[in-house]
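Some notes on the structure that comes next.
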Amino acid sequence: MFMKRQLPIAIAATIGFLTLFGWFVDEPHIKSFVDDDATQWFDILASFAMFLGALNLLKMQAIKVIRKQKGWPYAALAILGFTFSFTAGFILLGSYNVEISQYDDPAKVATVLASEINLDEKSAENILIAMPEGDTYIIDTPYFTKSGADNVVEQINAAGGTANMRATEWGSHISTRGSLFNWMFRFIFTPLSATMFALLAFFVASASYRAFKIRNFEATLLLISGIIIMLGRVPIGGHISAWFILYIVVLALSAGVNTWFKNRTYTLASVVGGVLLVTIAGFIMGWPVDQPAIFYLPVLQDWIYNNPNVAGARAIMIGIGLGIFATSIRYILGIEKSYIGE
Amino acid sequence: MEKFLDFIVRAGSLDRRYIFIVIALVVILPLFFPLGLPIRPTSSSQDVYNTVEKLEAGDKALVSFEYGPSTKPEIHPMAVALLRHLFQKDVKVYITCLWPDGQFMAMEALEQVADNQYNKVYGEDYVLLGYRPGAEAIIKGLVSNIRKVYTVDSRGDFLDDIPMMVDVNQVADFDFLFSASAGYPGTVEWVQYAADPVGITMSTGTTSIQVNEVMPYVQSGQIQGILGGMPGAAEYESLIGQAGIGTSGMDAQSVAHLVIVGFIIFGNISFFVERRRSKKY
Amino acid sequence: MNGSEIFGAWVAVFLTLGIFSYLYKDNPFYKIAEHVFVGVSAGYWMTMAFWTQVQPNLFGRLWPIPEGEISGFLMKAWYGIYNIFGFVLPSVFPDGGIDKGHGHDPHFLYLLPFALGIMMLLSVSSKLSWLARLGIAYTVGMAAGLRAYAFLNSNVLGQIKGSAVSFVDMPWFSLTGVSVFNNLIILVGTITGLLYFYFSKEHSGHFGKVTRVGIYFLMISFGASFGFAVMGRISLLIGRFTDLITYGTSTYSYASIWVLLIMIVLLVVWTIKGEKKTVS
Amino acid sequence: MKDKQFWSVAGIIFVLFMIYWVAGHPFFVTERGVMFWSILIVGGVLIYSTRMAKRGEEIILRSIPGLKAVEEAVGRSTEMGKPVLYVPGIMDMDQVETVAGVVVLGHVAKMTARYETSLNVPVSRAIVMKAARESCRESYLMEGRPDLFHDDMVHYLTDDQFAYAAGVNGIMLREEPAACLYMGKFYAESLLLAETGNSIGAIQIAGTASPSQIPFFVTACDYTLIGEEFFAASAYLSQEPELIGGVKGQDYLKILAIGVMILGTIFNFFHDLGWTSWDFLAYLTVQ
């Protein structure tokens, strides 16, 4: 019982106190634990847990396949996908390099090399000659199988050169161009994540279409600040004249007058008066695109971003800060412990 | 009139798939048929351009790649445009990467600009030093001694064997520093640990979301100009007079924003018509 | 351009269009892309975690390459265990020790996270599932301590400091740069916004009016972030389409065009078939 | 001053610390002194208000529509015979938001146990899976329905952000849950989830402390718990005096923060005019 209930709480409390007050202790061991080891331990723990997660995923999908539930062929695909990346990560390296370190007759070795790197023999020969003394030339694209690389090595050796095969080290294969894992990263993983990310462009459009409605004053503010930023940030925003915006503002104000007084004469007067006023001012000032600056989108978006937006964001940040602090204290003191099933 | 209003109301509850199609079209079509909307460089992009213009043939520029595939559309065009400008002026280019994927990005950009467009020679006109893990520590290392961080370049050649590395020992030996950055580690770290302490001229290019974070440094003159997101790249392309991905993207970007705003306005009109009607009945 | 690159381009195009086809509706292509994605990515991150965390940072600390000869019975036994592991999995445990820049002495403290990790794995059996609680407790304790400090520091103190604005030596009104008006906006906005989060009082009467103003500031802020997001997301979409256009060139045997055509045809067939079913 | 025990312990700690300070405070990082006192004061206020609530102080909380709606959403799912989908964010247990999400999940699980509605919790981290299971099991046990609980109601998909989003989208489209709850830490996938949930017509309630994602949830969901509201959720749902006391404590702290802000502005003003030489902002060092 102690191991199951009290021990976890005790661990959370101890580690919590240590990482909270360790910031104030000038002692190398505690310092290195707080700055470095604490999160490192978590990373290691999370990495172990990932195996657990993968097992769960495989189990769920396998059940679907075995019971032939709806959509089971797709579940099989998920298992296949996992098996593939597991193979690329742990079993099949797919990256064997050929290094040429010496040659007697460059022309002979170049014949072999030329066919391997899709160049004419002359250029291949030049590459070899340009190679500095005591240096090695590594063929650009690694070989997928060990025997493939060995085969080339043999050919080069037969042509009077000295070549050897070097397998990419396990561990560095995840970032080496040419390994199976890297192929998977480039042609499966990257396009899939980038495309899911790009779907957002569509969703952002449909969400704004649906949600940006002038329902009440709050929604109107959301809409106005959104549109100003959207237009003010792209080149086209700089081409929209401040006067055009001014006319829109006059119309919007008149709409406000209309709903407020519910009197047609007033509305008409505000529209006509406003338009006249703006037009006269425009002729006097000569219609400059970026004057008056208050109604010029690039300037306006900058002001919104740096002032009201900062105020709103700051209020949220302070709230979040207090919330996280209070919640953390509850976990450290063990007031809230349902995350381990208490 | 009644029929027209009817249409508007019905269009208001539009299936969102029509919106998707319109968005896809306004993004794709300008890529094939550029509209050539005029691009007006902002003062901060102009500053970057002027700074590079001041460099002379043979000057040394350090360019750092700090982005990956996910932010490539925003940063890559500006990196390419800047390299074009540098090579055009025969400036020697040294490239470091603080992000692991940055190296792949740099290789791609160099292949396109240095090898295929300007026929520059590796080791004499440009060198790719490659990626080293360590974030700020790497920047601090470069400031004190480059050879401490890099003994070999990305191709495995010893730094001492590379002709253009002669007499290049620390950040202070460069004439210009550019950071193409999508986050941490990036522009802010370069300012704090390199540009400020050493006093080297520095410019930067960042994602649009980061601009506001970096802007204070630009205003105070710690950074000479900033290119913000794809629009920044487009402005730079127009300055050097070589249209690229940024420029062709800008038409799509502008039109897409206009269309989205159009959708919002249309949605509101139909919303009003509908509300009016429901009040009447 | 070698074969694996061209094949890769075809795979990439198929998966890209498969995900995009979701915009039409849920369909077999999306299901294929989705399931492949889930499976591949689970394996991808597991591999990354193992080769970037467990192997270098745990095993690399427990069994670094020793300096000189191993002496002492305990150390010999310790590296004896390592050799047994190395016999089974030579790629993970290379001869002599793991050199990942963690010095030459084993960090025995790292046996603790090792033990927690093993317990996590053992908890797969339902009888031992409580063992996972220790790891969870460690994680939550660590998170609570570290985040409590960091958030109180930068989110609360830092922002309070930022809100204590200045009103001296600046113009009364200016849109660009600082001004008394702008600073007043920031101060009022922050205070009213914060009062919106006041829980132990109903938001009515005068207090309600104040919190109302707070909501206005929150809304402006939300609108601004939304506008920014639109911009970044559209750029990403442009990037995706330029990739597809590249893959549609002759170098990649027109992969985009072929896959797109075939997919559309199959989707039309699939839709018509589906409609017939619902009619009958 | 009603809680003698609290004040005596606080006094003892203060005196002990003063002795330590006068004795030369070895091993203490002096530059972080402001933070140290802040933690003590903020922590003290929270503990004090928690104790007061436990002793029976009455606290009225304003209503939060999003939290009232949670029970409605579960109820509606029951009527429609459809499952409830719960997403505890995409980050691991090292984020406080995720832990808060798992805690709220416990309360939601109690409701689904009571209403006998099926609950589906796809997660993106294995440690979260473990914790969420423990929490759900306990909830079903407390409601006396351990028969309805099975381990796989909480299941792992993948660690990857967008693959997880794709997987959850798939679940939404095929199982058509009547209620989708998103409570935790979210990034760009927030809108993918919320828009899909919207397209299947589910009631959606979100709660998050990721400032950049709140706007998307506000526009696409029916209810959103904004920032601090999300951390207050577990107090609201459990109605335990200890937790409600903590919320009250947070309110005291907000007043304190506003006070410091205004005072700081005033001091700053005097300093800028040269009336005082004491620079308040320099004193409020943040390290």
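First chain written, first letter: the chains are A, B, C and D, and each begins at residue 1.
The working rule: a contact is a pair of C-beta atoms (placed from the backbone, for glycine too) under 8 Å apart; a residue touches a chain by one contact, two chains touch by 3 or more.
Since we're looking at a predicted model, the values are computed, not measured.
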Next on the checklist: Quick check on the contact network: minimum steps from chain A to chain B?
Outcome noted: 1
Item to check | Intersection of the contact lists for chain A and chain C | outcome: B, D
Checklist entry - From chain B, which chain is the farthest off, judged by mean CA positions? => result D
Checklist outcome for this item: The pair out of B-C and A-D sharing more C-beta contacts is A-D
Checklist entry - What whole-number Å value describes the gap between the mean CA coordinates of chain A and chain D? => result 25
Next on the checklist: On a C-alpha centroid basis, what's the spacing between chain C and chain D, in Å?
Outcome noted: 20
Item to check | Distance from chain D to chain B - Cα centre to Cα centre, in angstrom | outcome: 37
Item to check | Residues of chain A whose C-beta touches two or more other chains | outcome: 20, 23, 39, 42, 45-46, 49-54, 57, 71, 190, 192-194, 196-197, 199-202, 204-206, 208, 210, 212, 222-223, 227, 230, 233-234, 305-306, 313, 316-320, 322, 324-325, 327-329, 331, 339-341
Checklist entry - Which parts of chain C, given as residue numbers and ranges, touch two or more other chains? => result 19, 22-23, 31, 33-35, 37-42, 44-46, 49, 120, 123, 133, 135-136, 139-140, 142-144, 147-149, 152, 154, 156, 160, 163, 187, 190-191, 194, 197, 218, 222-223, 225-226, 228-231, 234, 236-237, 239-240
Item to check | Per-residue multi-chain contacts in chain D, two or more chains | outcome: 35, 39, 42, 92-94, 96, 99, 126-127, 130-131, 134, 157-160, 162-163, 166, 174, 211, 214-216, 218-219, 226-228, 232, 247, 250, 254, 257
Checklist entry - Given the complex with chain D, which residues does chain C contribute to the contact? => result 19, 22, 26, 30-31, 33-35, 37-42, 44-46, 49, 120, 123, 126, 129, 132-133, 135-136, 139-140, 142-144, 147-149, 152-154, 156-158, 160-161, 163-169, 187, 190-191, 194-195, 197-203, 218, 222-223, 225-226, 229
Next on the checklist: Using the touch definition from the top, list the residues of chain B that touch chain C in their complex.
Outcome noted: 17, 20, 23-24, 27-28, 31, 70, 72-74, 76, 207-209, 229-230, 245, 249, 252-253, 256-257, 260
Checklist entry - Hey, which residues of chain C end up touching chain B in the complex? => result 23-24, 228, 230-232, 234-242, 245
Checklist entry - In the complex of these two chains, what residues of chain D are touching chain C? => result 34-35, 38-39, 42, 59-63, 92-96, 99, 126-127, 130-131, 133-134, 151, 157-160, 162-164, 166-167, 169-170, 173-174, 211-212, 214-216, 218-219, 226-229, 232, 247-248, 250-251, 254, 257-258, 260-262, 264-265, 267-269, 272-273, 280-281, 284, 286-287
Checklist entry - Can you list the residues on chain B that touch chain A in the complex? => result 14, 16, 19-20, 23-24, 27, 37-40, 42, 69-70, 100, 104, 156-157, 161, 208, 212, 231, 234-235, 250, 253-254, 256-261, 263-264, 267-268, 271-272
